[in-house]
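Shared chain: chain A. Partners: chain B in the first complex, chain C in the second.
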Partner chain A sequence: MIRRVALAAFASVVLLFYVPFLALGYYISGGGDLKLPSLSMVVTTFLLAAATAVVAIAVAYPAAYYLAKYGSEFEFALLTAPLWVGTLLKAYSLLALFAIVEKFTGIALWGTAAGVLVGMVYEYLPYALLTLYAAVEKLSETPVNAARVLGASRLQAFFRVELPLTMPGVAAAFILVFLFAMGEVVMPAVLGAWKVYTFGSYVWDLYFKARDFFSGSVLSLVLAALSLLATYVVVRTIRSISI
Partner chain B sequence: MGLSVELRDVSVKYGDFLALKNINLYVEAGEGLVLLGPSGSGKSTLLRAVAGLTPVAHGRVYIGGKDVTNLPPDKRRISMLFQDLALFPHLNVFENVAFGLRLKRLPEEEVRRQVMWALELVRLEPQQFMGRKIYQLSGGQQQRVALARALVVQPEVLLLDEPFSHIDLDIKNQLLEELKILHNKLGFTLIYVTHDRFEAVEVGDRVALMRAGEIVQVGKPVDLYKKPRNRFVAEFFGEANIIPASLLGGTREGYAVIRPEDVVIGNSPTYRFKGQVIDITFLWHYLKVEIQSNGHIFKAYVDLETPIAVGDVVEFGFDAKDVYFVAE
Partner chain C sequence: MRPLRLYTWALAAALYVPIGVMVALSFNNSKLPYVWGGFTLRWYQELLRWDQAWQAVFNSVVVALAVSFTATLLGMFMAYVLRQDKYLTISQVAVVMPEVSEALSFAAALWLVKTYVGVDLFGPVGVFLAHLAYTLPMAHVLLAPYMAYVSRSAVEAARIFGASELKTMTAVVMPILMPAFVATFLIVFANSFDTYVKTAFTTSPEFVTAPVLLWSYAARGRGDPTIYALASLMLLPSLVAAVIYFRAVKRYG
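== the complex of A and B ==
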């Protein structure tokens, strides 16, 4: 029984993840006609994903720090509650919010990169929060105390000791959010109104509008490879700073 | 040259729990004081109150005569060694030691000079060690680095919270010896927390014995040993025979304290007992003999050559001058 159930999972992974490799092989061997995305689309995707990760971490870190040191279970639940809501619902709720913002301030977010960024940060903030929480929570008080008695102010102790010691958590949060964000489809589609066009949207369109499964498969692999490469570079940089 | 440390009526609360109760303590400039006591006695809390790591609920803390009660730890001119490893794992040995100097924004040349000085002080060859990662060091080496890091900022007061409790006995003794030398050489005031009376007498000019958030007795080790204030001090600070005073005849209340080395087997001048030997332990330079008598077990330290065996019925006793009476 369990074997058959497991087989279903295997089959789906094979179909969705490994079959595209066949398409890639077909393309490399010269048989396929690939519809490449434009460079500006790749750059937009990359910048959006990086900005999402940076902003989400910047917003989540203080909250994770607070939760780990002083927070209650209730506050924890409050901050991670958006995880319960589907992406599409979040996107539509933001549309309503954007309309209100525009009415009162005149700032239009719908159809702009800033609007998409807001949506993506909203969506991935809980992931950054949980990852950073785990990193801050296991931090012992002693190194901070040691820094304090050696003459460090509260702030100096944070920047010179606590932050470097939680850098692995920051790197993990970055990987998680950045990888999710690189493949993001829903937020750019709904909040970007197809004006902010990302790699993910392009792959989506290839599959479901152009019905070009071949290009969709190959490009989703290219996207995965690009994401991994970028992650590698960023994590290496973070690690070289902290350790 | 070190600064004096004074606590006046200091209380510390953890929630509803009173961890320190109206502590009054004066540590002279340059003195070495040991806070000794069982776990939970409040000795670490007292140290943290001096360091400014734990807020005091009541009372004042003075360092060098200046009220520091409301000053943060970084403004108290102290340094501290912690029980669990407090080295910074993301920095190498050099940067760990340089930490306090960098906060003072000293020029690189000066930082380097002082780090070298501190590493040599704790007998770590700078060229060999300064580039190492913390995890590449043994426990003893790590505490040496921690000591160098604490000393390099030239503190007026050095606080040590059971710093060597996780270290092998041999290395611990070596470090204690070196700490004593450094204390004499650099002249800082030293406050050392431990639960180990052997460590206590090694580093302390004076010992403050604590129990349940209070200082029970403070004084020179020999005074605590020979003139304990109560049974707790007598028992915690060395081995003791404690018997009801009435057992020695007369109308005296309270308890009599007799140290095992003052118990003589055979004829003794003042107080004589008869009992059966129930245990003998070899302790390198003497034998510890346990004798059951009058419903008490007496401990006696005797010569290795003493002809005695378990089961023997012996006469033993002690001199009146070796008996010390306590009320409680």
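== the complex of A and C ==
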């Protein structure tokens, strides 16, 4: 009986999550006029997503390293708790902060790509942190000790031994954050004031403004397929870390 | 190590600055975000009188409660019974799927149901189903690691002493998993309560949730102290969830 409940639950995952993608196929088979996003928009989205991933990793790495090696449970909780705060709330709180920053420093962030970048880094930092944490935690002390015994300084040991060993984790974090950022809707809309137009905003407008199911379905499927591919790569790299 | 600790603490502080500023602004006796006009509860009183906001919060709470209860309970059954990697992989893929793709596919499915079956599910039912669609796999993935704590011998002992399958589940498995259950329930609750994109694609104009109301201000870049108060209240589930989550997880040490 328990098995039956579990299988029914699993069937509902498939029915609710995966079967709707067939509906996209239905609208694609209906045919239509494919309205592709402009090249500049794709480039903007791509660069923003890549920049988000690079900045998030650069900012998170030292903290992840510290947490994995010396951190307390409380410090870990403190840095990962923002995961539970919704994207829209984060975006809205940054909106208020941007107004204050603009008043006192004259730096306008609202409606600029830099503002959207800040928002996306804020949102995805915990994801990068957790992935890097997992990679650093698996490091064994032996190679570092060997390097130290052979005369490497602490910094040398880090850059020549530990950093290369965590590269699969860095790659996994990059792909994860890049992927989330590619489909992002909320941050560009709220912090980019619809002036920073991304792939996510485009799919959004295809549905809400143009009611163009055909183009929306095609682009959604492309995004979903890319994410599947990227997830596959992430899973493989994470497995290779543990070996 | 010392500079690293300082860096980590500075980063943690930076993560809380935007949220802290917003909460502070909800108590600010001034309409301008950059002018501190003293402490006030005025915006919360205004929020109290704003029926639409209460209706929106109420709608969000009802949906989030229904979603988190269903998803966590079913997720536990899934995690307990379906332990092979293939099941978990299917759930993991769902967790990392881009939000827009998923939301659009759900909206497309609801349109098809509306066109061919004649049942309009846009509104509370659509939102509930769309939230369930992504929280079920999420609960499964979150609960799966804790199954290691349910020892085979405890389950077998219960079965040998004559407990039925259901009795074993409720009297042996569930108590062991209770902290994980509570933690997952809270994560799913906070997530469903806060989520906007999936709700936007599946709701009807009549069914307004708290994030939908917040969006109508945020997407136009409008700062408003009453909305800061609303947003600050919306932080509560996340904060409570985070605190209880880390306590619950600690129990497994």
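Here is the rule we go by: the second predicted complex is superposed on the first by the 190 of 243 C-alpha atoms of A that agree within 3 Å, B and C clash if a C-alpha of one lies under 4 Å from a C-alpha of the other, contacts with A are read in each partner's own complex, and residues count from 1 in each chain.
The rule is simple: contacts are C-beta pairs under 8 Å (C-beta built on N, C-alpha and C of every residue); 3 or more make two chains touch, one makes a residue touch a chain.
Model, not experiment: these values are computed from the prediction.
Peer 1: On chain A, which partner touches more residues: chain B or chain C?
Peer 2: Of the two chains, more chain A residues are contacted by C.
Peer 1: After the superposition on A, what does A:114 contact: first (chain B), second (chain C), both or neither?
Peer 2: neither
Peer 1: After superposition on the shared chain, which partner residues are touched by A:139: those of chain B (first), chain C (second), both, or neither?
Peer 2: neither
Peer 1: Examine A:77 and indicate which partner it touches, taking first as chain B and second as chain C; both and neither are also allowed.
Peer 2: A:77: touches chain C, not chain B.
Peer 1: So, does A:50 touch the first partner chain B, the second partner chain C, both, or neither?
Peer 2: Neither partner.
Peer 1: Tell me the contact category for A:231 with respect to chain B and chain C: first, second, both or neither.
Peer 2: After superposing on A, A:231 lies in contact with chain C but is clear of chain B.
Peer 1: Using the superposition on chain A described above, determine whether A:86 touches chain B (first), chain C (second), both, or neither.
Peer 2: A:86 contacts chain C only, not chain B.
Peer 1: So, does A:34 touch the first partner chain B, the second partner chain C, both, or neither?
Peer 2: neither
Peer 1: Using the touch definition up top, name the residues of chain B that touch chain A in the complex.
Peer 2: Residue list for chain B touching chain A: 51-53, 72-74, 76, 78-80, 82, 84-90, 99-100, 103-104, 149-150, 153, 159.
Peer 1: Residues of chain A touching chain B in their complex?
Peer 2: Listed in rising order, the residues of chain A that touch chain B are 140, 142-143, 145-154, 156, 160-161, 164-165, 167, 242-243.
Peer 1: Residue numbers of chain A touching chain C in their complex, please.
Peer 2: 1-3, 5-7, 9-10, 12-14, 16-24, 26-27, 59-60, 62-63, 65-67, 69-71, 73, 75, 77-79, 81-82, 84-97, 99-100, 103-104, 110-111, 122, 125, 176, 179-180, 182-183, 185-186, 189-190, 193-194, 200, 203-204, 207-208, 213, 216-217, 220-221, 223-224, 227-228, 231, 235
Peer 1: Where on chain C does chain A make contact in their complex?
Peer 2: It comes out as residues 1, 4-5, 7-9, 11-12, 15-19, 21-22, 25, 33-34, 74-75, 77-78, 80-82, 87, 90-94, 96-102, 104-109, 111-112, 129, 132-134, 136-137, 140, 165-166, 169, 187, 190-191, 193-197, 200-201, 211, 214-215, 217-219, 221, 223, 227-228, 231, 234-235, 238-239, 241-242, 245-246, 250.
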